[in-house]
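Below is one structure, written out as structure tokens, with a few remarks after it.
As written, the chain order gives the labels A, B, C and D, with residue 1 at the start of each chain.
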């Protein structure tokens, strides 16, 4: 396990930024392991991710904010500090289709996703056995049009009770209300089974099949108020041909969905994703 | 050069079809080189491509239609017979961007595209030098809103005069009128610089950049009355990242466009593409 | 579930083959669902896969061989008949790395792999829990240099006792003896963690990392006497960069291995793979 | 055209490096446009590429070395400074196959490759017309076993006379002598028509076909004394199937070769490639 800190920064682009941040870390004897930055010339933005070894770092982390404040103020930085030793807490929402859930649980158990999974929430009982196999508590909360508001309240209460940091919609077939989304800004990750913005909304495989496309895709994005419109974290596609019927599309697509969603979740956990405007930078 | 015949068939799916066609060819001593078929269960359609060596085939091709008529009638076949020795005649339309034109001309000269290129038509003079380097006649026909109808008439006259079989829009930035399109049904091939149906219409790279997609694409399709909505022949994508600005997208996209368009053109020339409904089967 | 028959044919290429086979099926009122053929001009070989609906087929399958014998004799056909309703029986061999095992078991349970899994065999106890979660009997048979021969005998006895049709080596880190391999010709499927023939043998990721390649791969193949040299069923690659260390290669590679192996297994189960010489045809 | 400077640095990894370099640039009022770094933990190496706008940079470039010397000495830096306004001079070597040459010349003429092309050298006259179409001087220097040494001397004399900075072997089918290679260390770029290290040496497509691989590849690398063993700059692959014969492999491969070689050349020109050991870092 790594004992590192990650600093994520975004601010107006300006001369001297790299020097200021690098100097600050050097003064405290940080051994920088990775540093990556990006300038969006059009938006006039500077974005940075820097990760350093905490062994030898002479600044107690509880005092980081205070010590860093002058730099942050001078350059109008928005910043976050993350510790790689702290496992974020992930809730998984799922409906009937279980391939993404099975994939996430396997990766989590194998140590590939460095997080806690305090609970799985589903509007159907079908995936109970899977959660059980991985010894994760399973909450069955059926949703109807009438009960939707109260179910969301119950879901939020569960998330709060389990101190959940972020939510993964692993083929959860309910649209979350704006009020719910607002509680976890850029902290709800969805997988959409198309190459967005193509085929947003319902039944994307059916529509891709009808249109006669030669590739199908999957898209993982942060959830915002507008359906399927949030900042894209990752996408991928796979080739299909006229020999593939709708069932083949769904099967090939399921493999894409698993890979695309798991990458997005891993990058989120590794603090590699910075949102600006309606886009993401994924530092690699 | 191959001396083969290609039979393309589409008809209602029925028992005995393969046997009937295979028997007909066998009775005339055809040596089948490739046979491929596809059933669309949903549409109840049978589609077939069969290619045979003309050496030893005992039926003069001028008598093929007559001899094949009973089979065709019995099974309600729509069919076409193509000879691989006959080079189809391709016209290329281009505007200012010349990468697809340069690519097509090179492939044609290298023997990769087995066709004649009697002319290049452009609404700008910029690519004259390229046509000249490959010794292809170049026609500069500027288009304005006012002259569009008469320019199309002139274009059609040129196509007719040069006995053009199909038209390739190699980044031709004018929308053709329905009347023009109707003259060359499923014989006008366009390259659109996005992964359709995403970003149909104008300025796809700008919109892809604004949306923050992680892959960009290109689509080659037959032109129909509805813009960017015709049967898709080929698509492909390439990965981009936050480091790519709009100019990078266009450059990476240009490489995609060339490859996707040239594949579609080659398959069309090789009589591999069958259109049904708004889809294609590309026999490989 | 489909109630179809699949006929796999290979023979010297000759005129009239397609007609003869299609006629035979038509005479017995077969409704052909898929037919695909391939000629290898260099080898002078004809290979075919044809699948038809058994509903309406008027020939009892126990009499198929007798009825088909004249056609088979005339054209020197090697042929196999498979029924899609019969689930083949798959044994999985695994060592410590469990990602391929977990993936296969999930796909099997989800109905994606239409087979029985009577047992998992491992030289380590680590994956016992996974087999248990999917309720598959697990046999722990440790191997040392001294016990290898007798362990193979025990493995073979288990395969026989469970009437196993084919074996999948899901990252099984022992080399099987030629005698073992000879018992299951073209019926042992291995996943090798490189793009063969590059990096055959041990420690492929380490060597790929040392060589500085820009893509890593995985290869699924039938096992033959010569290590990593059998007929390739499927391969795929993924991009890496200088930012990926050895652990990243292994993680990205694991995702490839799962997908490549599961495709090969599915195609084998669906009777889509024909071996000729040291190559495969995978009918799609 | 950009008016920027690029500093490429490699040195033993040490704390304070980023701060030292960033400070130096900041003191001279550099507006950093891109900065990317890489640590190879295993090799204990630090590698960096930083690019800044020369507008506003207050240090005359003729004095850069002197001013930077203290930093370089303190951290044992190996460094190079490149100006994006200076076009490097590229010589292209080619034999009979012209697809890579045609592609490079087109990209150069289109402004995609920011370099001069003072000459094309070939051991065959076949591509003369292409060089002429792009108005690049063409030198035909036939090579036989007997004349090889003297021809290389003549080639080197030409390179010197034209002040060539780097050489691109665009399917040049002669092996260069170690003495020749030593004159242009990490400045000769080759395209090999396989996914190295698979199928190094002669006739890679024939061997790939014989092996029955499911993907073919192309590799661009710097030339070293050992054939096909130099640091890899870029690789890519494309899918093939049993339907592809050897000619199809060569055609699909040609498209790969063009794209892979042109990427490598562009990155070399853009000073994005750093060689260390037998590997490259390609800063993106």
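Everything below uses one rule, namely that a contact is a pair of C-beta atoms (placed from the backbone, for glycine too) under 8 Å apart; a residue touches a chain by one contact, two chains touch by 3 or more.
Since we're looking at a predicted model, the values are computed, not measured.
Looking at chain A and chain D, the chains that touch each of them are B, C. Comparing chain pairs C-D and B-C, the larger number of C-beta contacts belongs to C-D.
In this assembly, the chain whose C-alpha centre lies farthest from chain A is B. Taking the mean of the C-alpha atoms as each chain's centre, chain B and chain C sit 37 Å apart. The geometric centre of chain C is 41 Å away from that of chain D, both derived from CA atoms.
The set of chain C residues touching two or more other chains comprises 241, 243, 284. Within the complex formed with chain D, the residues of chain A that make contact are 15-16, 18-19, 22-23, 25-26, 29-37, 39, 239.
Of all residues in chain A, only 98-99, 102-103, 106, 110, 112, 133, 241, 243, 251, 255, 259, 284 touch chain C in the complex they form.
Note for the complex: chain B touches chain A at residues 38, 40-42, 195-199, 211-215, 217, 231-237, 241-243, 245, 277-282, 284.
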